[in-house]
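Accompanying notes for the structure given below.
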Amino acid sequence: MQSTAPTLDESKGTARLEAFSDGVFAIAITLLALELQIPHVESDSSRWALASALLHQWPSYVAFVTSFFTVLIMWMNHHAVFKFVRKVNAHILFANGVLLLITTAVPFVTGLFSEYLNHREASTACAVYTGCFVLISVSYVHLWRVVIKDRSLLKEEISEASIEKITKNYSLGIPLYLAAFGASFVSIYLAIGICTALWVFWCFTVKDL
Amino acid sequence: MQSTAPTLDESKGTARLEAFSDGVFAIAITLLALELQIPHVESDSSRWALASALLHQWPSYVAFVTSFFTVLIMWMNHHAVFKFVRKVNAHILFANGVLLLITTAVPFVTGLFSEYLNHREASTACAVYTGCFVLISVSYVHLWRVVIKDRSLLKEEISEASIEKITKNYSLGIPLYLAAFGASFVSIYLAIGICTALWVFWCFTVKDL
Amino acid sequence: MQSTAPTLDESKGTARLEAFSDGVFAIAITLLALELQIPHVESDSSRWALASALLHQWPSYVAFVTSFFTVLIMWMNHHAVFKFVRKVNAHILFANGVLLLITTAVPFVTGLFSEYLNHREASTACAVYTGCFVLISVSYVHLWRVVIKDRSLLKEEISEASIEKITKNYSLGIPLYLAAFGASFVSIYLAIGICTALWVFWCFTVKDL
Amino acid sequence: MQSTAPTLDESKGTARLEAFSDGVFAIAITLLALELQIPHVESDSSRWALASALLHQWPSYVAFVTSFFTVLIMWMNHHAVFKFVRKVNAHILFANGVLLLITTAVPFVTGLFSEYLNHREASTACAVYTGCFVLISVSYVHLWRVVIKDRSLLKEEISEASIEKITKNYSLGIPLYLAAFGASFVSIYLAIGICTALWVFWCFTVKDL
């Protein structure tokens, strides 16, 4: 019994992984706002030039809000995964690292998307943006597989049913983001619509965290 | 009795939400200083050109200090709300997410305000700035309503009186920031004065945190 | 006895203040490196043009290292102050906020100093840089006074002797940084030398943290 | 026995050092993505101009991924070192500070390397990049020596064998990064290849964290 009970060191190990990951999520989510540009308006412009310039930036705001909630849901999912874990091994650390690597690129792809949304090349920028979310979905499924591979790392009270529920839940992300990726070449509004629908859906259906 | 006592998992859940939120507040508050611009002075300028250029940037410093203390008080309020909470559900996570979304935009609106303070369009920039604080007040009231909706999520020892006190306290923020928002179109000095008065008042009246 | 023993809530209160402050210190210290500029070198330049351009930036590196260790020592001092504190009140939160406000400005004054170090206006930039450290010293003394004002907030085992030792220790910072501030108008090398001597001295004399 | 058992204060001391260091690692690793530039493409350019411009930036991505995993492994090593430590003294805090100082410079040297990878001066930029990793290796060996110097600061259950294993492990980093540094002047592809091989090797061989 003593050997299975989490010791101070083990809980500390998970705590530091979670704290580090939370830090990366928190910084990535806050850096998103750095993509919002202060518009330049001439001193002799018309009365509502600044208001008009700010409103004209709406694609930036859509990309900002979409990326914000997508990263927030990633963080919630991360939270959900590590509620199961009693102890981390090197494979989990590495799989988590890949996930964080792609997460830190979200501000870059968000900036790219909002800069090219009204440009001829919008579909390329949108494909990079949605492609980043495809990679995040894949890296989540990978992290989850690594986590459940060695059941001795999980908390004892975890049931197979709850594991399978998450497995099923995560497998949905890849095809849906792949659909958004494909939609980028048809209509960027459809692509961004799928991404928005996904985070709205997840926000309103998450029951138990 | 066992079912109401906080378990390790529950306290960890709240801890991660608080740690993540603290991270976002800490990053947003530190990024404010990135809006302070290093002035450009020619090599053949007069003796006190740099000092004069730095002093001329005073609107940046006012906006920096006002935003800093407003975010600091937001963080204190966040602290005060989660002292009541024993366990978080999805609705709290989402309401908290909306609050953090608007908080991460504070450096952007601060930069906008300080850039346009001496410009014809100052009232627009000031309205965006104070409007951001209106949205933050609204999202605080929303978070608080979500938190107190399900009393089983609150700590057992919380009295109705202390809940009502906070409810009353938070309801003051919206009309006062709406007044600052309205004042933006009359005088930006009045608007910024209301914002400054608010954080000074709150700093000196907060009794029990 | 029960009333004086720290409860879960109290320790959590201090923990969040420390975590938030640590976050601000960690972000401010990491943002310092953003002031390091990647030099621009023409494609047809001589063989060692990049190396020469990098070496020519030495004032940036001096300012970077000096600010880094000064903020690090601030963080250590913060750590030392809150080892004494059992519970925070609103005055401590506000005094801590003022300290953090000035800390977040360190990357700005560091960038200003390194940009103007070889410029006619170097003494102005140096006075702003050292003046920022004067303000930090003052805000530390203020924080410490607020902390020791209400002894019921301190841990029971704290002796008067250890309080007096810190009081004496902190009172040294203000005149020494004031000397560096004054030296800015005579020689910036003297001013930066005083700042460097201070952090080197503190690093090698700190005994008990 | 009471005197050797870790007290609340001691564990808190280590916790704050680890939290602060984790913060710096997390911010440095997330700021790496700020070096990724959004390419500028003219409105009347050919169909795949943006895709082509993005692909042309591949050196940035190599530098981004290499730096990310190198910092991640630094963080894992930091984690491994502090698993041994029961209490920190001033020397550990200072040695840790030097390590963090160099870590915060990683985004700068990464940006320098990716900007000059296709330039005549690539070997200089690559030498600065790999030289930064040499300094990090040296500062790790220094930190480890300071940590094991006073055995009373280590946890009681630590065996000499596990200490020697880490000592041996860390001593490998310096010659290997020195080899990469030397290779910079022969071939930057060899130099970056050594760095990549190192983090891949470490990721797949780390057994026990």
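By written order: A, B, C and D. Residues from 1 in each chain.
FYI, a contact is a pair of C-beta atoms (placed from the backbone, for glycine too) under 8 Å apart; a residue touches a chain by one contact, two chains touch by 3 or more.
The structure displayed is predicted, hence computed values, not measured ones.
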Third chains touching both chain B and chain A: none
From chain C, the most remote chain by mean C-alpha position: A
Computed distance of Cα centres, chain D from chain B, in Å: 35
Separation of mean Cα positions, chain D and chain C [Å, integer]: 24
Multi-partner residues of chain B (each touching 2 or more other chains): 19, 23, 27, 31
Chain contact graph, described as a line, ring, star, complete graph or other shape: ring
Chain B contact footprint on chain C (complex, rising order): 9, 12-13, 16, 19-20, 23-24, 27-28, 31, 88-90, 93-94, 97, 100-101, 104-105, 107-108, 111-112, 115-116, 119-121, 124-125, 128
Chain B-touching residues of chain A, taken from the complex the two chains share: 18-19, 22-23, 25-27, 29-34, 36, 38, 41, 43, 45, 47-51, 54, 64-65, 68-69, 72, 75-76, 79, 83, 203-204, 206-209
